[in-house]
Structure formats: C-alpha cells, structure tokens
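Structures given as structure tokens follow.
Shared between the two complexes below is chain A, which has chain B as its partner in the first and chain C in the second.
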Partner chain A sequence: MFLTYCAYLSLAVCVAGILWRARRWFFSAIGPEARLSTPGQRMVVMFTALPGILFSRKIWTIFKALMLDVLLQRQIFRQSVVRWIMHMGICYGVLSLILVHALDDLILADLVTDYAATRNPYLFLRNLLGSAVLVGLAIAVVRRHHVAVLKRFNTVWDRAILVILAIIIFSGIGLEATRMISASLFEEMVADYWGSDDTEEITALKSFWAQQFHVVFATPPPLDASHLDTGRQLHADYCAGCHSSVRAAFVALPLAKAITPMAAIFDRMRIDTWLWYFHYLASCLALAVLPFGKLFHLFSVPLSLAVSSLGPAVGQRPESRPIRRAMGLDACTHCGVCSRHCSVTPIATVISNATILPSEKIAEVGRLARDQLTIQRRWRLSQGSRTCTACGRCSDLCPSGIDLQDLWSASTADLNRSGYPGPHGWIRNQSVEQWADHAREEILAPASTDRPRFTGNPNTFWACVQCTTCTSVCPVVAASDDPRRDLDMTPQQVMNLMRLELKDLALGCRMVWDCVTCYKCQEHCPQGVPVADVLYELRNEACRRLDPAVPKKD
Partner chain B sequence: MKQIDTEIMVIGSGMAGMAAALFSAQRGIETVQVGITGEINFASGLLDLLGVHPVSDGTRWQDPWAAIGQLVSDEPRHPYGRLSVDQVRTAMDQCLAFLETAGLPYQTNGHQNAKIVTPAGTVKTTFGVPRSMFAGVTVLAEKTPTLLVDFEGLRGFSARQIAQTLGPVWPTLKVARIAFPGAGGELLAEHAARALDVQIHRSSLADAIQPLVGSCRAVGLPAVLGIYRTAEILADLESRLGVPVFEVPTMLPAVTGLRLREAFEQQLPRLGVRAFYQQKVMEAEVLSDGSFRFLVGNEDAQICVRAQRTIMASGRFFGKGLRADRIGIRETIFNLPVHQPAERTLWHNKDLLHPDGHPINRAGLSVDSRFRPTDAGGKVIHDNLYAAGSILAHQDWMRQKCGSGLAIATAYGALSQMK
Partner chain C sequence: MAIRTYLYFPGCKIPRFLPQYGRSTQAVMAQLGIALDETELNCCGYPVRHESFTAAMTAAARNLAIADAKGLPLMTPCKCCYGNLKHADYWMRLDSGLRRQVNATLAAEGLSWREDTPIHHLLTVLDADVGSRRLQMLISRPLTDLRVAAHYGCHALRPGKITQFDNPLSPTIFERLVAVTGATAVEWPLRLDCCGHPLWEKNNRFSTALMANKIVDARQSGAQVLTTACTYCQLQFDVVQAEQASASVDPLPAVLYTQLLGIAMGLPPEILGLDDNRIQWIPDTP
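Moving on, here comes the complex of A and B:
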C-alpha cells in the first residue's frame, strides 16, 4: 500500500513537473521578438497553428523524423556507433523494462493468459534488457570521464541520471538473485500455491529446487536420484506452470551463486524485501525527478526533433520564435557533441570561459532567459557569446535538432540590449575623440609597457605612402556608402594616424572594430605594410585597455 | 617544394615585366613570371614614349621618334640608345596590338604624340592613349565646347580646377559636380568603377548628367567607367547622352592602372606564361652552368624555379628592385653593382624642383648592348642575366615622359637580342 501511494505521488509530481516545464515554453522571453508578444499570445498562436500542422501533409515529415531520428537515432548513429549503442542500450533497455516489467500488471497480465514474471521469455528478457542498460551506462561513464571536453563539465544531472539508473538496475538484479536463493520465499510459495504438508514430498521438492533453482536451505536437502525424481515430478505438477529454468536469468543467476555462502544471513534479514523496497522507491524517485533534470529529454527531444523536421519556414512568426527557442533549451541533453566540434573550443581552453562552448552556453542562456544571471555571469556569457564565430557547426550536429545558432543570435541580442554588448558595442557608444580623451584621462587602462609587435614599432609604417590601395580593396569600406560616416576612417587613414603616433585616436575608430581580417589590404599593399595585422593588434589593445571601464563585477 | 624548370624567368610584374613576359610567350619561349603588386597599379594608363627632352629646359616633342633620335645623340648611354627606332616602334606596335585583343584598346595620334588633360588641369604629352580617353585629345585640340563632370567625394579630381587652369586656352570648357549614384562621403575610384559595371548605376549617372549637357558637344568624366567593360559603358553613356563621352585620368592609384594590370594578369597565363603574381623572389642563386635557381613565395618559399635566362624587371625603389639605405643604393635580388652618385650627399640637388632632376633619378643598372647588367668597367656580370625597364640607369623616365616606352622597348630589346 505504501509503495502504491509512493508510485501515485511520484506520478503526480511528474505530471506537475511536466506542466511546469511546458509553461516555460511560453513564459521564457528569448530574443528580440519576445518583447512583441505576451505569453498568452504565444500560447494562442501555437495552439491555433497546431491543427494546421497536424492535419496536413506535414504530419508525414514529422512521422519520418520521429521514426528516423527518435526511434532509430539516425543522427547519433552517423556521428558515432559507440554512442549509438550507449544510447540505444539505455533508452530501449529502460523503456522496455518499464513495459514488460514495471507495468507488467497493467499490460502483460492482460495480454498474456498465463503470464508470470518468473516464466520465460520474461525472465530472460529482464536480464537481457537490464544488461543492455548496464552496457549503455558503462559506455556513458567512460565517455563522461575520458572525453576531454566532457570530463571538464560534468554536471550534477549528468552524474545523477547515471547513478539513479544504475541503482535501479543493480537493485533489480540483486533483488532477483536474493529471491532466487531465499528459502523463506520457497516456503511461502509452497504454502501459497501447493499447500502440502507431506514432509517427504516437500523435501523432495526442496532437493529438486536446490539443484535446479539454486535455493539455499538452512539444512541442505538430500540430492540422491530418488528425491530428485520425486521432486521433478512434484515440480512438474505444481510449480512448472509459473517457473521456467533460472538458467535464462544469465545475470541474476551468477550473482545468486556468488552470494550463496551468505544465503542464510540474507534469508534471516529478508534482504530480498529490503531490496524490493529499494528498487521500487528508486524507480519512483526516477519518475518524480523526470521533469526536473536531464531525464526530461525523453519528452523534449522528440518534440524538438518534430519541430525542427518542419524546417526553418515553420515557426518564423515573431510569436513562435521564442517558443521554439525555449523548447530548444529544454531539449539539450548536455551530450557535449556541439562542444566537441565547436570551432572555437581551443579559445575556451586558453581563456577558461566555459560559456564559449555551446553545451555550457545553452544552460547559461536558459538562466539569462529566466533572469537568473548575476552581473558577473552576464559578463562572462557576453564574452563567451562574442567568441562564437557563428560557423553553425553546433546546429548541424545537435542530435536533439536544436537550432543553436538561432539561440545564440537571440541571446546575444538580449545581452546587447541589457548592456552587455562587449567592446564592439561599447566602442560605438562614444566618438573617436571621446575615446581618445578617455585614454588621456586614464579612464582607460594605461597602454602596455611592452611594445606591441606591430603598432609599437615605427618600422611597421615607415614605408606607407598613403596611396589608398588598402582602402580601395577593403570590402568593409566598399560595403559603406559613406565610409567617413560609418567607419570614422579608412584603413589608409588609420595607418596615417599610426605614422603620426596618434594611436589613442585610432583605438576608437570603427574601421578598426569593423575589420573582418580578410587581409586583402595587407596582400595588396605595394609597400608591404601589415595593415590587417595592425588593425587586429589595435583592437586587441583597445580590448585590454577598455577592461576597467567596463562594468563586470557584482 | 614545387620545382619548375623554365627557359626564361621574368622578375617583376610592372610594365616592363609584363611586356617581357608577353614578348617571351609570343615567341613560344617557356616563361615564368614572378612579381608583387608594384608600380603598374599606379600607372596612369597613358603609354608615354618620349615627351620631354632635354629635361633641363622641358622641351616637349610632338614627334616622339625624332625626340628619340635627338635624345640618343645627346645621351648615348640612355637605354633607348641600345635600340634602333624600328625596334622601339615594333615593340610599341606589338604591345598595343596585344592590349587591343585583351579588351583594353589604345589609340595613338598617328605616329605623333598626343596631348591630354591631367587631373591637375595641366596638359601632358603622351603617346598611347586608352580609347576611352581619346575623344579628350580631340576636344582639347579643337577646343570643342565640352562639359567636364566630377563627383562629390572623389579626391584629387576637381573639374573646376581643371577648367580654371585651362580657361585661358579653352574657354568653352564647362564644369559640373554631381553626386555619384548610390554614394555619399568619400568616393573611391575603384568602387565607383565597379559600381558602373552594373547597369542601373549607369542609367542613373546618365540621368544626372543629361540636364547639364546643354550646348556642350562632348562630356568628360573621371576615369572610373568600369574595369572590365569600359567600352560597353562608354557606348551606353554616349547613346543616353547623345554626345561623345571620354575619360579624364584621375589621381593614382587609378582605375586605369588596374585595367592594365588586369589585362596582363588575365591574358599572359593564357599565352602560356606561368605567372606567380603576389609572390616574390626570396632567394636567388647563379649556378655553375650559368643558369639560375630561385626560391619564390610570399611569407615562405613555396616554389623553386630553375631558369636558363633571367630578365630583371624588378623596378626602382617603389617596385623594390632598388633599395636606398645609408650606405648607398643596392640592387635587391643579385646585389648587382648599381651605377650611382659617389656618395649620398650627391643623390639630390639642393633645389627640390631643380629642372635637371636629381642624380639619384638616373641611378640604376648599366647594361651592355644586349641589356645585360655590367659592372663599372663595362664587363658583363652574368651571360644569361638581362635587365629591362625603370631599373636601368642613365634615364629619368618621369621627367622625360618615357616610362612605358622604356619598359616595353627595353623588354623587347632584351628578348630580341638573346642568343
């Protein structure tokens, strides 16, 4: 009774949690469009659009995605067969165990007339599925602790999910093994299903079960041929209907044999009952926490994959985009594939800002959306976001189908708006002359005493003849109708400032900040002036000197 | 490293290097050409042959061939003195014929020099004129009523300044300043030229000029009428405006120089030249059999070239063929002896605008009759090493107005006298 209450309580918590998570899809305001609609409007838009998608040909696209990407895990298979085995083992192992084992009373008992958990194939299946989960868990543990990027960022949830699953499976195997050897249980079964009190017959059955089912009795029964023969006959008459050979329990049986020496103590303690509680409550716990951590991906990933299968055209309405993004946040399993392939991972190792990596950034973006970030963390997220080159690899590889690139542009826009645009943004707030004043008034940090490689060496510029070749070939200049208005100065004019030793004026020039480092200027310069290198170095120096002028402490 | 064997190595991608590679390829000789962006980007597009002699009194010549004869008799060491007038004529004809096929047609004033307006409003004596500019020669000669248009934001080109300077001799020259379609602020010639390669900008430009033409019978524009389709753009504008349209040279680096560079860079490889533009010779070595070995690259050496003969067309100071430091003037690739004033104090006259120019302007490589560099005693340094173009000594191409002619003719001379 207690356990049943626990199960229903867990279910209630789970359902409430799922509703709470789903509420976030509408209430998370991510991206500039989020300001244009209220959560209510977003809900209306989604639920009015839903029938149009579900009752159209698009449903086939969704169906295909669910088959290939959810059921068969196509994306993971393409990326790594080992990871696919890991995920299939855990996913199908757990789900099948729920169907054929946890819910056997509700499902199998109705479907199969002579169902019994101790019969084959159920006995065998339980062992098979349990070991599949264990193989998956083992791969997951090894992966989590040996892949360079992953082992640096294991979260509580990454570990918790593995621990909970391991507890459930191990306690289940332990439960089966202790039940197998339990003499008390044997006696209960004899009493319940046979009811004989013929000592001679019971001894014969004991003999047979001790030999064939590995039950350990306090007084070992005789194992001679006549007892065994009688026992086999009795077993066939009274027990075989529900009990298949335990040889099918290829995981629990070896364990049972291993703990045989302890059998008497275990039986006295009724450890099988304890394990039963333990196993049951661990499963309830898993059900209860499902919506609150990474286990939620059971729901959110199929949803995300279904939505992304519809392509970018769907969900482009300003009301829909924040919903898609919030669903994307929920669909992240922290699998780390994005970070393993992120093109700026090397930078993350150098400047030790984890929010450069997509798998870590997404969690911070979630907190940003829920307004849970401190100033310090906003600053770090802003730095991490700026380091992204928008190469799009993370979006391409995400097995959950999250449009990460879109999330980044939305969160970067949110950061910019909330006052964390990074140096590129701050520099635009004031004019070239104002920045030069700040440099003189020491609002900026003083220039480094080390002479920078290019800008600290007059030989860099001496050959410049101000011929404008760099300006003529510059694609940034070409993109502007009015370079003076948009860029303050052209590349050749910045070089002239450097020749005149007016570096302070050059620091704030938008040309310096808008340079795309295509190096055309440098390649075309007839005098060999390293124009692009100079612009790059100026930007680096300005970043360094801007540092104290930027709010980033709590 | 990639290894290339060739008969001729041309060092330099300026006018002389391009001409040398052209003549070499036209003769069916295996040719490799190496050179960084150099002086050709700063070419005005006008091909001078010989405009001024002697420079001390600035005498301008209508007949360049007679001028060459006079120059050679006055200054026998001038590189033109190593060539016959026929050779110079053939070289120019071949080069102009090539440019015609390359889509950059030129026109000459018969066998005479032409006079053309510069962006400063002065009149320059030159020989080969891009066809897109030639109507300007005619209207200047005939003082035809002409509208000269300039663009807001285009630096170094003021129609008013030109008209003011030329006013006394050309009173019917009218001027106008318009905004270039789709631009504001500073206008860069190259950007304007690329914009006009697009039809829509051409029609709005014509629409802006149309109401200003009035009674003028020609329209002059800064030389920004496209890079690859100048003839088409010109014809388009002429049909829209109903009068001849011509280009006026602009300040450097100009689109006209870019057109020259593009014509050569695109056509020479088609003629069989193995060209490595934007690359330079990083190491040079003369081998015992008289051939050469070069390491070529940009930041790092990437190609090794072995050549039977080498033509140095590496230019002067801006082209990086010569380098002046506190000790003297050096030749940068083989460290060849450079004809130069005895000491640094003698490089320049005290007067910056001295009519004779400065001795440093005539420094460079002395060559024998076959354009092989020689030492001070006149002895040939390497049998298979030749030099052409502005790196040669005993000339002052800027003041003499003979830059292109010198480059083309000496390249031709070096090649035609190879054995």
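Moving on, here comes the complex of A and C:
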C-alpha cells in the first residue's frame, strides 16, 4: 500500500513537473520576436496551428521523423555506431523494462492470461533488458571519461542519470538474486500457494528447489533421488504454473550463486525485502525527478525532432519562434556532438571560455533566458557567442533536432540589445582618455598567450617619419568628412602615439576599431612600418586588458 | 586530363550565407576535372584575429596541419580565409615561439604544422595550375559584350609580402581570368579598394560608404556587373547592397567569378545558383 502511494505520488510530481516545464516554453522570451507577443498569444498561436499540422501532409513528415529519428535513431547511427548501441541499449532497455516489468500488473497481466513475473519469457526478458541497459551504461561511462572535448565538461546530471539508472538496474538484479536464495520467501510462498502442513512433502519440495532454484535453507535438505522425485512432482502440481527454470535469469542467477555464502545472514535480515523497497522507491524517485533534469529528454527530444522535421525556425511564424527556441533548450542531452565538430573549437583551446563551445553555450543561453546570469557571465557568454562563425554545423548534426543556429542568432541579438556587445561596441562606451585611465588602473589580466610583437617593441616605430602616406591611402579616413570627430586619430597619428610609447592612449581610439583591415597602409608605407598589424595588436591588447568578459585579478 | 585533388576549404560563411558560391565552385572544379577533398576543417581564424592573434594562428595552423597530414594542397574560394592562412604560414615560419606554442596545442590531436603546405586561392588555381589556355578550351558560351568590374578584394592582395597572391600594387590575375570568359574587364580607379564588409555590423556607416564608393566608381567606368572571388566581398556587394538599395537607384549586380566562368562554360544557371543572388543578373542568351 505504502509503495503504491509512493508510485502515485511520484507520478503526480512527474506530471506536474512536465506541465511546469512545458509552461516555460511559452513564457521564455528569447530573441527579438519575443517582444512582439505575450505568452498567452504564443499559446493561442501554437494551439490554433496544431489542427493545420495534424490534419495535413505535415503529419506524415512528423511521422517519418518519429519513425526514423526517434524509434530508429538514425541520426545517432550515422554519427557513431557505438553511440547508437549505447543509446539503444539504455533507451529501449529502460522503456521496455517499464512496460513489461514495472507496469506488468497494469499491462501484461491484462493482456496475457497466465502472466507471472517468474515465468519465461518475462524472466529472461528482464535479465536481457537489464543487461542491455548495463552495456549501454558502460559505454556511456567510458565515453564521458575518454572523449576529448567532452570529458572536461561533464555536469552533475550527466553523471546522475547514469548513477540513477545503474542503481535501479543493479538493485533489481540484486533483488532477483536475493529472492532466489531466500528461504523465508520460500516459506511464504508455500503458505500462500500450497498451504500444506505435511513436513515430509515440504522437505521434498525443498530438496527440489534447493537443487533447481538455488534456494539456500538453514538446514540443507536431503538431495537423494527419492526426495527429488517427490519434489519434482509437487513442483509440477503447485509451482510450475508460475515458475520457469531460473537458468533463464542469466544475470541474476550467477549473482545468486555468488552470494550463497551470505544467504543465512541475508535471509535473517530479509535483505530481499529491503531491496524490494529500495528498488521500488529508487524507481519512484527517478519518475519524480524526471521532469527536472536530463531524464526529461525522453519527452523533449521526440517533441523537438517532430517540430524540427517541419523546417528551420526561421521559416516559422514570429510568435512560434520563442516557443521553438525554449523547446530546443530543453531538448539538449549534452551529448557534445556539436562541440566535437564546431568550427571554432580550436579557438577555445586558446581563449579560455567554455561558452565558445556550443554544448556549453546552450546551457548558458538557457540561464540567460531565465534571467539567471550574473553580469560577468553575460559578458562571458557574449564573448562565446560572437566567436561563433554561424557555420551551422552544430545545427546540422544535433541529434535532438535543436535549431542551434537560430538559438545563437537570437541569444546574441538579445545580448547585443541588453548592453553586452562585442569589443567594437563596448569600446564606444567611453572616451579615449577614459580608456587610457582604465588601462593604467587595470592590473593585467592573467598570463596572456599573446606577446606584443610590434607594440611592445619601440624599434617598430623609429622608422616612422610621419609621412602620412598611411593616412592618405586609408579608405576609412577618406570616407569621413571629419576624421578627428569620427576616428579620434588618423593612422599616422596612432603610429606617432606608439612612437612616443603612449600605447594606453591609442587603445580607445576609434581609428583602431574602425580599421577595415584592408592593409593598404602597411602595403604603402615606404618605411616598412606594419601599420595594419599594429592596429590589430592594439585591438588584441584592448581585448586582453579591457574586455569585461576577461576575469581580472584582484 | 589528370585529376588533381585539393583539400577544399570553403570557410564558415558559404554553407548558410552564400551556398551558391560553394555550388558554383564545385561545379566549375568538376568541369575542370579537379577533385575536392571535403574533409571537415575548422574556422580559418580571420574573425577572431581582432581579439587574439594566437587564437587566429592556432585555428589557421590546424587546417594547414590537416592538409599536411593528408598530403594535399589546400584551396579556398574565400580571400579572407586565404589571407589568414597565409599570415599563419608566414608567422609560423618566422616566429619560433608561436610555432612551439601552436604545435603544443595541435599535438593534443596528433597534428603538427610543418612548412610547405601549399595554400591556394580559387583564382590562383585557375590561373596558375589550370591556366588560361586550358580554360579557354572549355568556354562554349563566351560573355561577349559584358563589361565587368573585377573586384580584387584586400586580404588576398595585401600585404603582398605575406599573401603572395599577385603584385599588390598592380595585379593582373583577375582581369586575365575575366578575359577568359569572353567578357571585358573595365579599368576602374578604385579596383583595389576594400568592399567594406569587415566593418559590417561593427560600423555600418563606414561599411556601406566604402561599398557605395566602389559601386559608383564601377558604374562610372562603364561596368554592367561586378565580379568577386571572395565570400565576404560577395556578401557585401550582393546581400548588403540589396538591403541598402533605394527605390531610385538600380543596384549593380555582383556575380561570383565561378558563376561567370560557369555560364561561359555552358553550365546551367541553376547549378551555379544564380537565382540565389539577391541582385539578379541574367546572362544574355547567345
């Protein structure tokens, strides 16, 4: 009774959690379109669009996506057969166990006339499915610890989900093994299903069960032929209807044999009962926390794949896009495939910012959407976001069908709009003199990998004779009708500042940031001053010393 | 005809922003019997160079290391990518500290940058490796009467010492290749100037001012179309020009060189993605 109440309570928590999470899809405001509609309007748009999808050709597109990408998981198969095996093992192992084992009295007991958990094929199936899950979990553990790019970023939930599933499976196997050898359980079953008082006959049955079913009795019963024959006969009359040979339990049986030495202690403590409660409650706990962690992908990924089969977010109505993005955020399983193929992953080896990697960025974008980020983390996310080159590879590869490209452009737009632009933007927040003061006050950020090749060496500028050729050829200077107003300094004036070792004054000059990198200055300089390279270096230095995203030492 | 193979480096912007450049490049290369190895590569590092030189060089060097591991010359249709890869090649040779640092990072993947990875741009492959004569033989639909302003772009051209693309002050490669298609390359004073795209979304005022200057100059020099051989330049003259278009002025069509060459070779416009160009150019029917 208590356990049944726990099950219903967990189910209620699960359902409530799913609804809470689904509600978030309408209340998340990601991207510029989000301001154009209220959550209520988005809900209306989505629900009114549903009939149009369900009763049209599109339902076939969705059906195909569900068959190929959810049931067969072809996207994963194409990327890695080993990962497919892992996921199929865990996914189908767990789901099948839920159907044929956890819900056996609701489903199988109704469908099959003489269902008993101890019968084959159910006994065999449980062991088979349990081992499929364990194989999958083993591969998952190896993968999480050995694959480059991924192994640094495992989260609590990445581990927790494996631990929870392992606990459930192992406790299940342990439960089956301890029940197998339990003498007390044998006594209970005899009382419930036979009700005999005949000690001679019970002993014979014990003999049979000790030999064939590995029950361990305090006083070992005689194993001579006449006892076994009688026992077999009694078994056929009273037990065989529900009990298939335990040889089918190819995982639990070896364990049962292994723990035989401890059988007396286990039986006295009724370990089998403890494990029964443990196994049941662990499963209830997993059900209850399902909506709140990585287990939620059971629902969010099929939904995301169904929606993405209808096309990229950009083709949808503006009111639908924030919903799509929020769904996408919930569909991430942190598998890390995106980061393994991301075009700018090599950059993350130099610029130490995990949010450059899409698998880490997506979690931060989720926190941004829920307004959970500090200012410093917003700056970091801004840096991670603009490092992305929008190549779209992550979107193409994501096995959960998340439109990542759309998520990135939406979140970057949000960051830009809310005051977290890139360096070409934030440099305009202060004047040249203010930045110079700032630069002098800032303690240098932790060890930079960029050594100033030119700007740290005064020799670079001794050759500059201020001929103003660089300024004359600069197209940006030419496009301005008032260079002092628009650019603070012209190129040769910046070189002059460098010649005078007034680098801090140069860092905030608009010329440095409005340089179009055409290299005409450097090409035409008669004295070989690498003007364009110097301007690049000044930008690098400003980013290193003044970028709000870079954590400063105290 | 021998099949040559290059490691194809499309860069990050072609797949989602200018797919027609990728399609037309592949179509033209196929016609020429040149195979393109499409191993997955990473960003050339050009955009991040504003923030970190080392990051830009590491990213570039990784691609060169992969080319080296495969024993293939690298070819890119984008001039910004070409430029940054050449910068990496130059500085990795010269700066032993940089070389050590970058190779230490690459070693984690079993990669190593070595000298002598050939780095080509689409135009240098067509000009030097294939040659005008062989190209001429494949022209079946010359673009006679078409006056083209060949836009060189900046990052392949300058600094000449590093990029080694052509003479940085008076290059001729692009006009030569335009002539191959049968079109006339006009002389225009601002031909070597910047398109302005590096400042797009950083300072749109200057970005569009630079672009506008070039278009005015091209028109005044009698051009009917502009041609580019760089992803960024084409995005500027096609996408940005289309966005900035006013009702009063007809935009000047910008056509990728591979699209021009492809039409001249008799390839169908659909394969070359002419419909994807925002500003439509319809080649004259012969």
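Descriptive notes on the structure:
Here is the rule we use: the second predicted complex is superposed on the first by the 424 of 554 C-alpha atoms of A that agree within 3 Å, B and C clash if a C-alpha of one lies under 4 Å from a C-alpha of the other, contacts with A are read in each partner's own complex, and residues count from 1 in each chain.
The rule we apply is simple: a residue touches a chain if its C-beta (ideal position, glycine included) is under 8 Å from a C-beta of that chain, and two chains touch if they have at least 3 such contacts.
What you are looking at is a predicted structure, and each value in this text was computed from that prediction instead of being measured.
Using the contact criterion defined above for the overlaid structures, shared-chain residue A:Glu523 touches chain B and also reaches chain C.
When the shared chain is aligned, no partner comes close enough to touch A:Ala225: not chain B, not chain C. In the superposition on chain A, A:Leu106 contacts neither chain B nor chain C.
In the superposition on chain A, A:Met1 makes contact with neither chain B nor chain C. After overlaying the two complexes on the shared chain, residue contacts for A:Pro483 are found with chain B alone; chain C is out of touch.
In the superposed model, A:Val156 makes contact with neither chain B nor chain C. Between chain B and chain C, C contacts the larger number of chain A residues. Annotation: chain A residues 478, 480, 523 touch chain B in one complex and chain C in the other.
Those residues of chain A that touch chain B in the shared complex are 465, 467-469, 471-473, 477-478, 480-485, 490, 523-527. Chain A meets chain C in the complex at residues 148, 341-347, 349-351, 383, 387, 389-393, 405, 422-425, 449-451, 453, 475-476, 478-480, 513-514, 516-520, 522-523, 530, 532, 536-537, 539-540, 543-544, 547. In the complex of the two chains, the chain B residues touching chain A come out as 36-39, 41-42, 182-186, 188-191, 194, 252-253, 278, 318.
The touching residues of chain C, when paired with chain A in their complex, are 12-13, 15-17, 40-43, 45, 47-55, 58-59, 62, 95, 97, 101, 105, 108-109, 154-155, 157-160, 168-169, 193-194, 196, 198-199, 202-203, 206-207, 209-210, 213.
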